[in-house]
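One structure below.
Note that the chains take the letters A, B, C, D and E in the order they are written out, and that residue 1 is the start of every chain.
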Amino acid sequence: MSFPILTSLVLVPAVGALAVAVASNRRPEWIKLIAVLVSVFTGALAIWTVASFETADPGFQFVSKHPWIQQWGISWHVGVDGISLFMVLLTAILFPLVILGTDPHHDHKRYLAWLLLLEAGMMGSFLSLDLFLFFVFFEIVLVPMYFLIGGWGYDDRVYAATKFFLYTMVGSAFMLVGIIATAVLASSNGVGYVTFDLVEIAEKATFAASTGRWLFFAFALAFAVKVPLFPLHTWLPDAHTQAPTGGSVILAGVMLKLGTYGLLRFGLYLFPEAARWSRPLFLTLAVIGIIYGAIAATMQKDLKRLVAYSSVAHLGFIVLGTFALTTQAITGSVMQMVNHGVSTGALFLLVGMIYERRHTRQIAELGGIQKVAPIFAAAFMVVMLSSIGVPGLNGFVGEYLILIGSFLTARWWTVVAAAGVILAALYLLWAYQRVFHGEPDEHNRTFPELRLKEAAILLPFIGIIVFTGVYPKPMLDRIEPSVKALIAHVSDKTGYEEPAIPEAPQTNEGAQP
Amino acid sequence: MSPDTFTPPAVGWFALSPLLVLLGGGLLLMVLGALLPRWPRGLYAAFTATTAGTALVMSFVLWDDITDKGASTLVGGAIAFDGFAMFATIAICASVILATLVTDDYLRREEMDGPEVYVLYLMTAIGGIVMASAHDLIVLFLGLEVLSLAMYVLAASHRRRISSQESGLKYFVLGGFSSAFFLYGVALLYGGTGSTNFDGIIAAFNGSVLTDRRDALVLAGVALMIVGLSFKIAAVPFQFWTPDVYQGAPTPVTAFLASVGKVAAFGALLRVLVTALPMWRDDWRPAIWVLAVLTVVIGSTLAVVQTNVKRMLAYSSISHAGFILVAVEAAGHTAGETDPGLGVSSALLYLLLYSVLVIGTFAVVTLVGRTGDSDTGLDGMRGLGRSHPALALGMTVLLLAQAGVPLTSGFIAKFGVLQAAIEERSYAIAIIAMVASVIAAFLYLRIMISMWVAEPEAGDDAREQIRVPFSTGLAVALSVGFTLLVGFFPDWLVEASKHATAVVTSTP
Amino acid sequence: MLDLVWLIPALPLLGFLLILVFGRRLGDPKAGYLATAMVGGAFAVTVAVFFDMLSKTAEERAHVATLFQWVPVGSLQVDLAFLADPLSITMCLFVTGIGALIHLYAVGYMHGDPRFSKFFLYLNLFVFSMLMLVLGENLLVTFLGWEGVGTCSYFLISFWHERESAATAGKKAFVTNRVGDWGVMIAMFLAFQAVGTLSYGGINAAAESGALSQTTATAIAMMLFVGACGKSAQLPLYIWLPDAMEGPTPVSALIHAATMVTAGVFLMTRVNPVLAVAAEWAPTLIAIVGVTTALFAATIAVAQTDIKKVLAYSTVSQLGFMFLAVGSGAYVAAIFHMITHAFFKALLFLGSGSVIHGMHHEQDMRRMGALRKLMPVTAITFIIGWLAIAGVPPFSGFWSKDEILLYAFDKSPILYVVGLVTALLTAYYMTRQVIMVFYGKARWHDAHDEHGAHGDFEPHESPKIMLLPLVVLAGLSIVGGAMQLPFSDRLHFLGHWLEPVVEFGEADIYGGWGYQNKYLLLGVAAVIALLGIAASVAVYGKHKAKPVEPAILENAWYYDRGISNFMGGPGRRGFTAVAWFDAHVVDGAVNGVGRLVRGSAGVVRKAQSGYVRQYASAIGVGVVLLLVWFVVIRGIL
Amino acid sequence: MTALLAALPVPTTTWYLVLAALLFTIGAVGVMVRRNPLVMFMCIELMLNAVNLSFVSLAKQLGDIGGQTTVLFVMVVAAAEVVVGLGIVVAVMRRRPNATADDLVELKG
Amino acid sequence: MDLVVFVCAAAMVLVGAVGVIVRNHPVHAALSLVLTLFGVAVLFILQEAEFLAAVQVIVYSGAIVVLFLFVIMLLGVDKAENLQIEPIPVQRPLAVVVGGGLLAMLVTAIVQARDSVPTGVGAGIDLATQTGDSDSNIKQIATDLFGDRVFAFELLSVLLIVAVIGTVVLSRKPDKVGGPQ
């Protein structure tokens, strides 16, 4: 039995949260230190995981499985594959940066404790291979996020937090019923005994078409709310706008991915038939989300809200890729989850910095900042370009893979979705122009330049953005096998055939190396 | 049939030991309390807790006894001696202990210290246990009356608050009203079957000519008995007393009502429906279905607009009752069969977990309510997170548990019930219940907000300082600990609940 | 040697990085020299590669240099690789060459600007992207450069972003280009689906071997053309280019005249086999769009008063010529004209820049005149450029334009005629510009009235560092035609050089009537040019006739304004409607549910009246209902 | 005369049960319409008596003494109920003299 | 003969019952209650439940009603309540509907099941005639009571304890603190 690295990925932050919670309030700097150390250590663990990850192996790795509630056939079953690997890494990297980079202004102790608890929950959700376990984490993360928004958010925080909590809970209500029904029905459809183990059910059970569809929708509803998929998205702008910077970063960076990740891991994997059957619906919703989110974003007056709506559009791409069911598209989706996490997370950090300086997020009240704070503007620009999807930056690779993959199986949806790329440029550049270009008025003339600490926080983001854009291979190599395996699973469950691509002809030019 | 041929029934004294302990303890407390001068502070409570504790231990012993030797009935089939009964006994005794801890300081704070309340607690416990383990409708009715009468008194026991007496009076009138219905139901059933004993009822309808034809008399009896018990479990539309009584009664008593009362009432309901009336399960299951849906939906919905914490929790208890009714409905699919299914066990599990939860919650409310339960409004909670973070945190855990958030006992309870329902393919009711519980979650969120988020207002500091006495704090700590323990490691409890099946009269 | 091709883009990139890090410390003018040196170095490498390639046989001239796998997913295998072949090297030659000159010029032009080093930062990044574009071995690498140059042009157009107009122009350029990029993307997807690769080698091979169906080929070609329209400012997407003049003049010269805008033409040439196997109407459409744009822009140029706007529209017009060439299968001619145009248009822009510099940022030609005495060098070089673009033999413009017309004639006389008219107009408005700027009476003194800011001043000649590039480019504009002389096949240097690339798509006009009588056509062209000049002189020089400058032309046929009005009007309203819908309908539904719950609760709670008797009757109702169910429904029915 | 009387039909159990039902209903209605808590108790007593009546007649019909024993229990319960109930009323009345059930509506909503 | 008695007793019962709910004055209501109770007692005798009849008269009429009257006097709540006015809207109609429905349902059930009530399940009650033992009824009750029903019987004691404690708790003066001396 080797070192239970995944388990510790979950436990370390949890224990850290406990430590922070019990630590004495008189020495805030110690509390902060604990939090930082814990999160950094978690990050190190995650990096270790990635380092020792078997690249070519499509299956789950570092699996550890221990019975938990035998009466219900539930076990602590965690494992990581190419699809979840980078989610874990993203989580582990974002949290230290958030803890270092954001300032709650009051009740640091509680703030940090909640954050660490949130990290543990996130890790758990990405790692768990047991339906019950997944639901536990999926649901538990609501609590810290609820308190983060409610406790450290802005004026309308209570409304936003409550909306967020209840809206998501409605979704998971259906999912819980779905989960139990899945386990119960699976036991009579191939498994033979009641178990909540994802792998066992997915491999052994075969549901009747109609049953599978109902179950799938029970799951999909919860994920659709989380993603969020049009028209279930309206909790997101409120939550994002009202949440404290740290909250928004995590919310956009990691939490939304629970939805898309869930669709992959539990939608496609458990109910391939239903997923295929419902493709048109989801593709359409995704495309609507892309265009609609972009248009709505264009018209926002609140910078943070604008970014929030841009998330709706970006997540639309991810869903599109997920349901396109081709290697390129799904690989792109997985990659885009990470990319969106990085770039949107960075955007929220920057918006937060603007708010710290100007105490407003209203685009109208900003302007001319590039003149007084060029470096700040440059940082914003880079992140923005990655969000627009300019080649050479990470955003492009994912988006491009999604589109080129989707084009094979969902041509016309893709054609429309690609138009979303234009809109992305429109709303972001317009916002950029209004905020950074022009002559600064007297309020903005004193806008402070990027501070060293802030730069230190942003640098990793920009580093990832550029590196991933220029050299995505290491990432793709790890994602692809698992995606292939997933599609193979879909194929032999449903007889689905991934469209064949003609062999690239031998080029007459450049034949010689 | 003459005196010399008279043979008294065998009495399993040992098997009755929990009841006897409680009774003996109660009598002793009453007599000594009356004879001796005032006992030193906290001794009444200590004595009561010890008594209940002893009963608890006894029932643990008996539990093993049952799991070894199997279930049976006692005293001429008057009451059942089975896992079901013991599980309920354990739940009730535990509730009594916790409630006593909460009550101790409260009584002193409200200057009504004395043994009587505790004696009533113990008597109520007896009534509840009898209800949950009755094997004869008359016994069940008597248990019901013992429980009810004690609770009427308890509800009205706060002499300074007219609302306490008002709640007592309302509770009494409606309680008497509904128990009359119940009794009438018993009478009609008696007419239809010729017996009030479960075995008799089962026997009368097996092999006898009546099984193959409908019997309106019996059905009417069933209906009226459901009425009587639905009143006790506060199922819509028989729930109207609940908010008023919960709000009016002294807060610890409310906790006691919500825990012991619910366990006993549901125990009785399950006994009657599942053990005594399995042959009519197709008749009563739809009725329970409707009751469950109404209860869970209306309970959750009305909770949303409340501003008094006790009242909120009253409505939440209604919606919880609805959730348990879902389990009862599930039990209805397999009633009387050798494989009991998950309905009964999940209901019992829910009851146990909920009792602990709700006492903890009301314990906090007791403290925050301040002297004379004067400050039980939502504003009373304001700023608790600042002034008493630990207490607030405990309350938060309990509330989250009530909302059914994972890693708390509340989630385990809900999960069990849902599983039971889904095993029986009652998807609709499961989904309705879940959605309703989301609505209910709103009210827990409101309480949490006012504890943690709400901005302090002028005059907050002028309020009476909240004092956390040891006993109450202990109660909160215990229930929070239990909540989390079960939330993380529920396996043993789940297993136990599966053994907690009622004794089945073998049906040929 | 050919393996060093990666050095060509690497050097500007290095420059970019160096300036990024040390830019501020280097400052004005060192940063500028650094940047220039980098581009110059790239030029040197290119030349070396060029000669190396000359020494090889035609077959060996194509060479792929792979750096690393870029996006390898399943059947999609895209490398970050360069394709060094005659076409790309040709492009590199004039991109780096002219680029270096313009860098040098900019050192002088941007002198004293607070963001001096940043300017060269962008400029180097642009050159890098442009080189990626032309050197890319596959569509994706090209696309990387394609979007890169777009982004850089966005940076540079809105370089003076304090100016509202500059910021807006930059945004406009980016977004409009994105529309084109959309087309390129779709084209890539189609290509991948049809061929399974994105490399030009693969795609062209598929086209030549007939593996590519005509439909797909047409679709790919058309989608690429959409992209080309965006980049190369063709109808209907040209609107961003005139506004792009908000950028500093060197930018206009480098990006919006010489290099970036020609990317579309380059791309179409790159995939000429695809275009060749596409349906017949595809190239025709391209030709028509091209010639229409040419004429359209020329007419507008006639009435412009801003010295740079005239050049901008003339650029659009000349690009139209190039697409006319592409459409007529005259790829060599297209490239030929691209190069010559790069020479003289860069020259003209830099000249205008020098004028503007000398005039203290006055751009209105109506306030100029008689500058030839004050800025002799600028004047002379500008005049050379004028002669070149006007198509006066033997200047370079004449030869390239004529070859295009030759092919156009072969495709369809109508195209030829329209082309001629455009040529006429070109000569006309360019002459008009030269006269307004350098001849006539000095008009800058009576500028007091509104421009009080700069009233009394003497326009002065620009510094040497700015004049040097002018001279060099003037020289090139004169001799540039020698690349491809029509007289005999031996003199088709460029043609032979590019043959391996374009042979499949190149149209064959030998034996056509036009080719037989090419000298006649040559003469016609020359005459037309002179005619245009003469007319212009008559109007603006001798004032024989009133100038014809109708408002509709001055306002570019109201096309641009129409679009802006639409965007600001119905378009914006539509967007607002969506936002409203989201806030009030979608979100309203959500909050509506909440309100519904509260509301119904408010109603139901009224039953909780507190009257115990009412509670009792509620119980009674429950009893009756239950009894009905049990006794009646279950018991009796 | 006696013959006449003998000729009359003998009331069956059903008669008694119907009578009990009537009594029960009257009691129930009473609870709903009366405001004086004491009278409400009396109505509850009526209901209980109705139950007793049914029990007794059913006991006769069934020939099972259990019914009668049950009635005995019910009587005791009734007594106890009344004791407690009156206790509560006394407690209330001490605070709110002459209060009717309708006056006690502090708790509602 | 039985019929006559039954009719008279039924009349007493119903008249008394109606009296309870229509007499404004609580004392009158209590007295009408007595009427009902006596009627029930008569019906008990008619049903061969002599012992119960006795208990009925002694306990109910003797103890309970007296208790009622006593409390009425004690509290002086002998203020007549005006039944003409009904403060709560639709309460009376509702009560009528509910009452009607209830009665209808019950009667339906009873009538529908009139001949399905099993007979002779137990040993029979009418033993006085057989054994000639005049107090057989009491003996029978006793055997039953202390036989299988002994548990229930013991429960009664608990019930009474509760009642006692209850009265103690309730009847203490508000200001007095501590247990009863």
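One rule holds for everything that comes next: contacts are C-beta pairs under 8 Å (C-beta built on N, C-alpha and C of every residue); 3 or more make two chains touch, one makes a residue touch a chain.
Just so it is clear, the model here is predicted, and its values are computed rather than measured.
Both chain B and chain E are touched by C, D.
The minimum number of touch steps linking chain A to chain D comes to 2.
More C-beta pairs in contact connect the chains of B-C than those of the other pair, out of B-C and C-D. The most central chain, judged by the distance from its Cα centroid to the centroid of all protein Cα atoms shown, is A. If each chain is reduced to the centroid of its CA atoms, chain B and chain D end up 28 Å from each other. A separation of 37 Å divides the Cα centre of chain A from that of chain C. A separation of 44 Å divides the Cα centre of chain A from that of chain B. With centres set at the average Cα position, the gap from chain A to chain E is 70 Å. Residue positions 88, 91, 94-95, 98-99, 102, 105-106, 108-110, 112, 117-118, 121-123, 140, 149, 152, 156, 159, 162-163, 166, 170 of chain E are each in touch with at least two other chains. Of all residues in chain C, those that touch two or more other chains are 605, 608-614, 616-617, 620-621, 623, 627, 631, 635-636.
Shown for chain B are the residues that touch two or more other chains, namely 138, 142, 145, 149, 152-153, 156, 159, 169-170, 173, 177, 181, 188, 191, 194-195, 215-216, 219-220, 243-244. Inter-chain contacts, as defined above, occur between A-B, A-C, B-C, B-D, B-E, C-D, C-E, D-E. Of all the residues in chain B, the ones that touch chain E in their complex are 1-3, 6-9, 11, 23, 26-27, 30, 33-34, 38, 74-79, 111-117, 119-120, 123, 126-127, 130, 136, 138-139, 142-143, 145-146, 149-150, 152-153, 156-157, 159-160, 188, 191-195, 197, 204, 208, 210, 213, 215-220. By the touch criterion stated above, chain E contacts chain B in their complex at residues 105-106, 108-110, 112-113, 116-118, 121-123, 127, 139-140, 143, 146-152, 155-156, 158-159, 161-163, 165-166, 168-170, 172, 174, 177-180. Residues 597-598, 600-602, 604-605, 607-608, 610, 612, 614-616, 618-619, 621-623, 626-627, 629-631, 634-636 of chain C are the ones that touch chain B when the two sit in their complex.
Contact residues of chain A toward chain B in the complex are 68-72, 132, 135-137, 139-140, 142-143, 146-147, 150-151, 157-158, 161-162, 165-166, 169-170, 173-174, 176-177, 180-181, 184. Chain contact summary for the complex, chain E toward chain D: residues 1-4, 6, 10, 13-14, 17-18, 20-21, 26, 29-30, 33, 36-37, 40, 43-44, 47-49, 51-52, 55-56, 59-60, 63-64, 67-68, 71-72, 74-77, 79, 81, 83, 86-88, 91-92, 94-96, 98-99, 102-103, 106-107, 110-111, 114, 117-126, 137, 140-141, 144-145, 149, 152-153, 156, 159-160, 162-163, 166-167, 170-171.
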